[in-house]
Each structure stands twice: as C-alpha cells, then as structure tokens.
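Naming follows writing order (A, B, C and D), and every chain is counted from residue 1.
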Amino acid sequence: MHIFIQTLVTGIVTGCLYALIALGYSMVYGVLKLLNFAHGDLYMVGAFIGYFAIQWFGGAAALIIPVPLLVIFMMLVAGLGVGALGVAIERFAYRPLRNAPRIAPLITALGVSFILEDSVLLLFGGFTRNYNAPAFLPFTESIHIDGVPIDSVQIIVVCVSLAMMVGLRELVNRTLFGKSMRAVASDREAAEMLGINVDRTIAMTFFIGSAMAGVAGVMSGLAFGQISNIIGFLAGLKAFTAAVVGGIGSIPGAMIGGLFIGLCESFSSSYVSSQYSDLIVFGILIATMLVRPQGVFGQPPLQKV
Amino acid sequence: MTRLLELEGVSLSFGGLRALHALDLHVDEHEIVSVIGPNGAGKSTVFNVITGIYEPDGDIRFDGQSIVGRRPHQITRLGIARTFQSLRLFLNMTVKENVKAATYGGTHATPIESMLRLPRARREEREVEATAQDVLSFFGQRLLGYRFNQPAYVLSYANRRRLEIARAMATGARLLLLDEPAAGMNPNETHEITELIGRLRDERGYTILVIEHDMHVVEGISDRVVALDHGEKLTEGGFHEVANHPGVIEAYLGRNPEALQK
Amino acid sequence: MRVRRILSGAVGVMALASVTVFGVTTSSAHVAKVAAAQCKASIAIEAPFATGPATQLGLEQLHFAQLAVAMANKANGTSITLGKDDTGLNPSLATTRTNSIIASSAVAAVGPAGSQEVEAVGPLYAKAGMAFVSGSATLPALATSGANKTFFRVVPDDDIQGPNDANYIIKHKLAPAGSTILIVDDQEAYSEGLVAVMTPILKAAGFTVNHQSYNGTDTGATLQSDLSALATSQVNSSTHLVIVPWQSAGNAQQFGQTLQQQGKTVTLFGTDGTDSPGQFVIPGTYVSNFGPDISTSKSAVDKAIVKGIKKYGPYGAFGVPTWEATTVVMNAISSVCKAGKTPSRSNVLAAVRKTNISATQSAMGVPIKFKADGDLVAKAGYLFHISSKGTYVEISDK
Amino acid sequence: MAPIGVDEWVARSGDRRDSGWRGGLSRIDARVGWWPRLLVVGLLAFVYGEFVVGGNVNYAQTGFNVVLYALLALGLNIVVGWAGLLDLGYIAFFGAGAYGYALFSSHAFGNLPLASGGVQLPAVASIPIAVAGVAILGLLIGLVALRLSGDYLAIVTLFVGQAFAEAVNNVAPGTLGGANGLFGLQGFKVGSAEIGSTLGYYWFAVIALLILMALLHLLDTSRTGRAWRAVRDDSLAASAMTIPVNKVKVMAFTFGAIVAALAGTIFAAQQSSVFATNFNAQTLILIYACLVLGGAGSIAGAVLGGVVVTVAQQLLSSPIDSAYLFYGILVIVLIARVRPWRHLGAVVAAIVGLGFAAHAIVGAISHSAVAGSPGSAGWFAGALRHFAIVPRGEPLTYGNILYVAAIIMVIAVVQLKGIRRLIAVVPTVYVGICCWEARLTLDPGITAQIMIGAILIVTMAARPEGLLGSRRVEVI
C-alpha cells in the first residue's frame, strides 16, 4: 500500500509535467499539422532560465528574496522568455514553409532542435547543473499520506499544472482567440477568408504552447534538480507519446495522456523493472495507435471522395 | 442485350444519414446511362459503392458475379474503371506515367524481374508503352505530343478531366464510370466531351455510366437516364420523359419547370 | 543580364570547388612538425569534456591534462602540443575520434575515460602501434584480455577497487550483519563490472545482496521515475546500505535527494564514477576512488598541481590520474628526445613501457611502473567520507 | 491559333523555364541517359579512392562514410521519396542489419551452449542471413503500418526506432552486449581473403552503391516504381486504378529495410563493432538530412545529399577545414544574394573597412582586447589577425555574447528589405566572423552540429524540394 501510494505520487508529478509539454505539442499540431520536434528543447531552455534566475538571486543556498516570490518570478520569466522564443522560431523557421511539402517543416523542426540543443551546449557547457531546490524548499515541510511524504515542490508542480490546464481549457473554449484557434485548426484557408488573422493566431498558439513548456522546465528543475542541454529530447519524446495517446490535436487528450504516461512509467518501473519502463511505454503507444490510430480523444480524419 | 452491371436493393447509410436506399439499377452492354439528381442525391455514392470504396447492403453484380465486399483494385481488375468528380490525378507523375500506372493490374513482372529487365518485364514494358500511346492518341490534339513528359499538375482543368478518362481506359476496363466529366468546362469543351463520350462507346466499345449535371450533355449522350433523390430512384427512362417527370422537376427546382425545357 | 547570371553562377561554382578542394587537401587536426633540433611532438587526449553524461568529469580530465603538458614542457624543455578530442563517453564517437587521431601526427594518446570506450578503440591503437594511457578506465579485462596491446593505465582496476570497497564495508560494519545491501548498476560496462566483483564478497560475508539496475542514460522526469521507483520499492526497512557504482555523480546526487525526500535513511556508497565534490554531496556518504586527495598533501608535486589547477575551480579525483597519465606520456617523449631520437609512435611506446616514476614524484601516492599487460604494479585505493557540510574527507585507515 | 483546349501557356511552360545557363544545363541533363551519369559517379568515386585518399586513414574513413550515408539515403528514398511513407523507424532496419551481421561474426553466441567460441560465418553467408532477417522485419512492420497513414505512421515508426535502441540496450545483455555493444567483429571474409582496411570497405561500399543505383533506377521506371509514386500522390485513386495499395506499401517498407540492412552489415564490418548508440535519433536525422537536402524522390539527389552532409560534417570537425567551409559559404551566399555587382562590391568593401577600423580603434583602447589569435589557421589567418577582434586567451564570454548577437542580427537581416538589409548585412557579417574566430572554432564538435542544423533550416526555406528534387504539389 505504502509503495502503491508513493508510486502514484511520483506518477502524478511526472505525469503533470509530461501533460504540460504535451499540450504545446498538441496545440501546435492542431493549428499547423506540424510535429514540432523542437518543443522538447524549449522545455530545456525553460529549465535553464529558471536555473539562472536562482543564481541571479544569490544561488540556492543564499537567496536574497523570499522563496514564493522567487518561484513565481522563475515561472514568469521562463514562461515569457520561452514563449517569445517559440514565437520567434515559428516566425523565422516555420512560417516560410506553410505551403511546402509536409516533410520540409519536419526537417526544419529537427534543425531547430539541433541549434537549440547545441547553442545551449556552446554557451553554458554540457555538464549537469543542479537547482538544489531542497536548500530553499526543504523536504521537511511536507504532508504525509499513510507515511508517504508529499513535499512542497510536488504540491507546487501539481497545483500549477492543473491551474494552467484549466486556464488553457477556458481560454480555448471561451475566448475569441480560442475560437479563432479552433477555426484555424479545422481549416486554415477558410478561417483566413472569414477574416481571422491566421498569422497572429498561429503565433499566439506557439507562444502559449512554448510558455507552458518553459514553466514545465522550471518545475522539473525544482522537482528533479539535475538539468543539462540534453534533457529536452527524452522529455519531448515522452510528452509526444502522451499527446499521441490522448489524441494529438486534442487538449483534454494531451492532459489525460500526460498523466497516463507518467503513471505507466512509475508503475512499470516500481512493479516491473526500471530497466524496461521505456520499452513498456513505447509498447503502450504502439498498441494504442493500432487499436485507435487517432488516439483516445482524437477525431478520425474524414476522407472526401 | 446482356446485363453488364446490376445493382439490386443497394442501401448504404453513414451513421444516421441514409445515403442510398434499396436502389435498383442496371446497365446493359454498350449502353450509355446517365445518373442525374440534385446535389446530395447520392449519385457519387452510387459510384463509390460500385467501385468498392464503401461496402453496401444488397447485391451488386458485374457480368453476372457479385462484387460486393471486394477491394477497389480487385473490382477495377474485373473491368469497372472510374473517374473522380474532384480530380484525383497523380499530380507529380508525368502524363504518360499517369496512364501507365493504371496498367499495374494488367502486368505481372515482379520487382526482381523489373530490376534485371528480364524478358517478361521487357515485354510488358513494351505493351504498357503501346497502351499509353494508344489511349492518349484517342484524345487527338488535346493530350498529344509534347505534353506526355510533363507532370500532370501543369495540365489545364479540361485536360485533367481528359487524362482521368485516359487513365480509366488504360486499366483495360469494359465499363467506365464518369463522374461529372463536363463539370467546370466551357461550352466548346462541353461539346467536345459529349462527342468524346459517344466515341468512347462507338469506337472503343465501352459501356458507360455517367453522372452529369449539364442537361445538354445528358440529353446528347444518354440512352437512358436515371434520376435519384435522397438515395432513392425517382424514375428512369428516356431523357425527355425523365426530364418532364414531376418528381424530378420538383426535386431539382421546386416549382420552376422552364429551366429544364431549354 | 544573362551574362551576369552566368558569371555569378560560375563564380559560385568556382568558390564551392575551391572550398572543397582546400577542405579535402588540408589535413585535419593535430598538425605538428617534428624537428630534430628541439623536442617537438603532438599528443592527443580523448575525454568526454563537451558532450555526453559525464562532461564534468571530462572537463576535469582535460584541464589536468593541459596542466600536465604545461608543467612537463617547462620541466623538460620540450614543446609538445596537446590535441583535444571529445568522446562523449560514447564508444562509437570514440571510435571515429580515434581514427582521426591515428590519421594525425600524434605520437601517443591520453584516455579515453570509459572502459567501454577503451574496449572499442584499443584494437585500433594496437594496430597503429600507438601507446594510449587512460586515467580512469578500470575494467580488469582491458589489460588482461590481450586485445589492447598498447593500453596502459595509471589507476588500479576494479579487481582492486571492488574488493577494497566490499572489504571496507564488511570490516567497518557500514551495514548490520545479515541486513540487505542494495547495489544498483547503470547498465554501463564500468558499473556492471564493479557489481560483479563486489557482490560475491558481500554475499560471503552474510549480507543479502539485492541487485537492481536502471538506465543511466535517462534524463529528467524519466530518470526521476526510475530513481524514485528504486527508492520506493527496493529500499525497505531491512536495507541500510545502498551501493551506487555509477558513472554520473549527478544521478547519484538525485538518487540521494529522492531517498531523503521519501524519508528513507540509508547510507550511500559511491565509487570513482560518482566522486565529484561539485555534484555528489549527500552527507554521510562513502565514496571510494583510485586517486588520492592532493589538496592536503605535503609533497612538492601535489602542491604544484593544486596551485596550477586552482583557476579551474572545484575538482574531484578524476583529474589527478589524468595528470599522471599525461605526465607519463610527456616524460616518455622527452626521454626519447634525450636519447637523441625523434619521437615516433614506436619509440614512444617503448619509452612508456619503461616508465618508472617514484612515489614521491607521482601524484598517485604510489610508484608508477607498468606490468607487461599495461596494469600498474602497485595496488592502491582511496576512500572518502562526505561530511555533514558536504565536503570530502579522506579516510586513512582501510 | 491553337485549337480549343490546347492551352499554349501550359504547353510552353517547359521552354519558359529553360533560359540562361541553368536552362542549358537542364537541356544537356535531359539528353543524357541514366547509365552515363552512373559512369560519372563511378569515375568520381574511383578518382577519390585511387588518387585523393593516398593511404590517409582519415580520408578513407570520410569516403566510406559518404558512401554509407548515400546507401542509407537511397534506401530511405524508396520509402519516403517514392512511396511517400514517412518512416521515422528506418534507423531500426540499419541497426538490425548491423547487429545481425555482428551476431554471426563475433563471440556474441560464445556464451550459448550450442556455439561456444561464437559463430564466425563468412561474409557470403552472414550478409544474406542478416539482410533476409531484416527484410522479414520490414515486412512485419510494414504490415502493422498499413493501418496508419501520414503523421500517425511517422509517430508509430518513430517509436519503433526508439524501441529498437532501447531493446538492444536492455534485452539479453549476455548476447547483445547491452551498453557495451559487440566488438572484435571479423571483417568481410571469403575463404582466406579478408577486407582489412577502411579503403577496402570504401571500394566494397562503392560497388554496392553503383549496383544499387542502377537496380533502383530500373525499378523506379517499372510498374512497381510507378505504383509507389501513384500511391504517394493519391492512394485512393491508385486503388481505383488496379493498384493494390497495401501490398505496394509493404513492398516499399521491405525494400527500404533491405537496403538499410545491407548498409548496416557493411557499417558493422568496417567499424568492427556495433553499439546501440550507433543507431540513435541523431543518426536517423542525418540520414533524413541527406535525403531531403539532396531531394526526396531522386536517386542522384539521395547520393548527392549523402556527399554534402557527410563532407560538411567531416570538414566541420577540424578547425582549419571548417574555416574554409565557413568563409566559402559566406562568399557564395553574398554572391548569390547581393545583386547587382556594384552593391556586392560596396558591401564587401564596407565589411573590410569596418573590420580594420573597428580592430584599430579597439586595439588603440586596449591592446589585450585584440591580442588573441584567430581560431582558424591557414593562409588567411594572418590577414584576420588585423581584422577580427579576438581578445587574449580563450575569450568564452566574449564569444558567447557575439554568438547571441550574431543570431539576432541574422534574424534581423532576414526581416529587413532593400537598402536597409544591404546596410545591416555589413555589421552582421563582421560580427559573424569575429564570433567564428573567437568562439565557434574553439569547439568544432558543437559548431558542426549547429552548422548542420542551420544548413537544414536554410535549405528547407530556400528550396524545400532539395538540391536535385523536383517541385511537388501536394493535395492536403
């Protein structure tokens, strides 16, 4: 029982992060039908911004501002910064390829991912840095469920993620931007003719998606400590799995998918073996795709003859 | 006259929507039959069930044997080829390749044979080349010569329609299903198409089932006209009786007969 | 108009051509002329300093090697240049890098860092008759297999480190008799090797050994679920000691934090791979290593190194052996020059074999003298304890 | 006047494109048959192997890598370029081929009861076995992939590739060697004759490449090739034109797998070792880069892509060569983009002027700020010494700032138009050069990656169909 709960907690925490990244994937795919392989690297950049924010304020051991303020600041800066970066990438790399063959933007995305990963390597070096969050968010401040401690970082992660997901859902369902986003997603040309500013909508989508990845990066730094220029790839891959399992292009799908993958991972490594957890996750994905290609929440693409 | 194609109580519905309902239809050897009806009457759906894109209830027989549940390419191999209302050429292949591609079912060389250009592969390539030349030459001026080696996407709208027909011919089919061959053509081109469809039967001996909106074309070519609405057959017979059939007139334009008279 | 286009096209083509021609005809890195007058030569270091999971370690090795080159050039009056090749602790990358080193004019090499890398490149160096001295590859088979005829190492292999650690655990009762000891490998040759050596000894002493493994190349959330799964389901009330013979100090640190965060109180025991005062600082942890802690040493050499390395900031125990390895190569070359010959791969190889550095002159605290198979004659091992302030304290009595 | 329906504009479109020297080339190109081109390729390969390499292991290795990637790109071209199936699991076939060969040519089975001491089959046996095995694998994956289309296919295959890497890393470490891989493989051997040198494998690979190019060309112009491309353009129409879509797709997968497997065996034998890390996403991306840069759908394109990408990587891995590449590209871009000539002249002059001026001023203020030596060697290093501003020592921070600045400026230049752009080009180029000399040359490995990424992005923006690819229209 104790093990079960502990595993559950880990699964939910990692799952929330996957979900946040997956949302970006899903939104971008929705509007551009583009598999943005650079997304995972945006998350990595977010993690680095957060790290330098900590250093800026005196380092983990000797902070010069109150911790809550720092956490909020980190997320804000990372969100805005990475969001802006995402918009820039869309503007300069993807926009010229709107009407190119499908494979062209895919390759561009890979190129962007190369550049992001290796620029960070060039600028900051390849060794792993550590947030050392326990220094300012001690494990001792934690609530216990059946002897399983749940510390403040985990609580932050879950709360922030949920808040952002709900916020995003409202944004997409209620606001004008949400409407235009869905319009662009379903038919770009038509949306354009209806006077929707497609460019701005797409840019906005990139901003929101990237910002969420950035915040996810900060929180993963807080929760796991280690960051380096290569954390983007695997995280992106897993988040991508989540998006697909949930139904790529669908927002609730991405959330559920993220949590699902997180739980799969933690349970398979707790109860089967950490060695095969990745294989198990990939297996699940492939199985899902074969049973239901469009994912759990996705709509099947309709074919007009 | 033998029955070439026969639909018997064919029904199809997408979820709740009923696209076809208990449709009976037949086409005889060397006959040109037109299917008319307002948009959404289920005309294209008829083509889709015949060519195996959708699997309907009821029975469809071609040359006596049932073809329900067969895959599209198998049905085409039996001798039913179609064109698409929304043109579906292989846009990045050359005009000639478009036609040659359609001969796949008629040839049998394995990849290995093709790679090594073994005798069978050579022979078949020659035959395919001949077929392509022959089929394209049928369109005379229109598709001939310098355009053979250009990608299909440079062709004009009218020529794309012609190429679709050429492609259908190359499959070696006996029955052609033409889905709005005259759509989006100017009066002259429409006139040509009308002639062409006639020649298809007279010179090449094809049997033809055609969907068409342009009543001039329908009048010009049809031995028999079948009128559909809401997936059901309203009536069938000669052009004029169908055209004057009150149900048809109503289906088309509520209460305004003039349009059909001219 | 057209003329202009033709011109531009032509120029473009010519430019491209010239680029490729130059590119192909100028040879690649490590260019150095060997002149009889002065002792000139070039050597190369292979270390994971730019990419891969162990860049901290790699940078440390690089810096100490650069220091060693500077010191030796000054001492011996040689002018030997050091070419640096990043291997990312990745055998396939190491293979390509080694090929380009062999193609260059380098007469000997330092590194590579990882045992699995040496396994990959050893035969290549052997074929080229080129000596390479590693400061951290400790898999016993590397020397004993006979596949790596030109391989030398200035560190004791796992058959020495493993038993040392196991025996220390037994002797000093780091875990109560009969309790469970969890030992986790990270699916690398290095790690699996140590596990294989330590497990039987611990079993023989009556411990229950629980052997698990996780994917050392995982990162972020995935890594976290691996580690916290280990902490959750493998560390129970009967577990008092966890041995982490990993290559990534960062992962060890994260595992330690995960244990703390889950409220598990166990002692960690790391090996040389996790020795990094900058990264692995869980209080109460034991870390064994093949290199001594020179920061407190009295010997002149050690003082000089400490002084020279200061500008590079905190370092673990990987630098010193690499310094030693580089020095071995440097001295070999200068001895060749002193004998009036121009350094070549063969005579440098011979000179390396004859290496004989006294304990006082070596930074390893033991004399550097090689057996026929390239292993050290001396057997040494060091052990550190991480204090509550997170600093490494050397344990003298073993 | 032309008869109705013959649209002159379209009819002449071909001729219209044929103007200027490009037109001339393309006309020649149109006249030459396929086998003379093949001869040219063979000739080039011969000249390189015979005269350029000259016993230099490094050049031999480069040549081998070029041919290897060309082979891989050829195989990928079948699946992606012709059948239009976005297969991101291609790397798995490459890996499977390599591991297949390794298992039958090493000690791998040594620890199994049935074959102590390992299985050491001659190449004539082990290559066919490995390739056949992988062909079956391709067949199976193809059958699975049938249910999916477009991006979904891409996604599943991507994970098939990942799963392969994970599997060889974790499953049966006793036999597959886990992270340590399999090493000490025997080379290609028939009887007593064994290929010993890298150059030997280069020749072997070249022959394989030439044969494959010929076979694939013949296949492409046969019914199978037409069927593949028909399915790519419109699978539904294809099925309505007697083409069994599923069968054709599976065929494409299998053929791609076979080529990849062949490449894998050669790779394994040459490296005489295989590691799971040889078959990671990085490699897959490079193969895709080759194909897409060269032009998906074109055999020559795939090969050219292999050459460009591999050579670029090789040049970038050494400071001297990468300098030639860097400045070469710089010159070409300027020539190609800055028109007319007087503008070009003005820009170049301005850059040079700015450079020496800035250098002089900064030097006057602080000597140590310009005391560093440029990273690139070669004949122009001397000139650069008085041109590029490089502080003493290894000026990392300075270089990093320049790097960021350069990227921002490039982006700005792309945005600006007309005379503004012309002016903005000058400082951009100068900052770029300084950054190159002060920072990028210090870490060739990293720079190579960045440059590859940049090349991908630029090519896609400038010419999405690739160097030799033909323009595609897609109905989405």
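Following the convention adopted for this analysis, a residue touches a chain if its C-beta (ideal position, glycine included) is under 8 Å from a C-beta of that chain, and two chains touch if they have at least 3 such contacts.
What you are looking at is a predicted structure, and each value in this text was computed from that prediction instead of being measured.
Touch-path distance (fewest steps) from chain A to chain D is 1. Chain centres here are means of the Cα atoms, and by that rule the chain farthest away from chain C is B. For this pair, chain A with chain B, the centres built from the Cα atoms lie 50 Å apart.
Chain C and chain D have Cα centroids lying 33 Å from one another.
We define each chain's centre as the mean of its Cα atoms; on that basis chain A and chain C are separated by 35 Å.
Taking each chain's centre as the mean of its C-alpha atoms, chain B lies 73 Å from chain C. In chain A, 121, 233, 275, 278, 305 are the positions where the chain touches two or more neighbouring chains simultaneously. Within chain B, the positions touching two or more other chains are listed as 53, 84. Counting partners per residue, chain D has 170, 236, 443, 446, 472 as the residues that reach two or more other chains. Against chain C, the residues of chain D that register as touching in their complex are 19-22, 52, 56-59, 61, 169-170, 173, 178-181, 183-184, 198, 271-273, 275, 277-278, 311, 314-315, 317-321, 324-325, 328-329, 331-332, 335-336, 339-341, 377-378, 443-446.
Touching chain C in their complex are the following residues of chain A: 3, 6-7, 10-11, 14, 17-18, 121, 125-128, 130, 134, 139, 147-149, 151, 220, 223-228, 230-231, 233-235, 238, 262, 265-266, 269-271, 274-275, 277-278.
Interface residues of chain D facing chain A in the complex, by the touch rule stated above, are 80, 86, 144, 147-148, 150-152, 154-156, 159-160, 162-163, 166-167, 170, 236, 281, 285, 288-289, 292, 296, 400, 403-404, 407, 411, 414, 439-440, 443, 446-447, 449-450, 452-457, 460-461, 464-465, 472, 474, 476.
Residues 49-53, 55-56, 59, 187, 212-215, 218-226, 228-230, 232-233, 248, 250-251, 253-254, 257, 260-263, 279 of chain C touch chain A in their complex.
Listing the residues of chain A that touch chain D in their complex gives 29, 33, 35, 88, 92-93, 96-97, 100-108, 110-115, 117-119, 121-123, 233, 237, 240-241, 244, 248, 275-276, 278-279, 282-283, 285-286, 289-290, 293-294, 303, 305.
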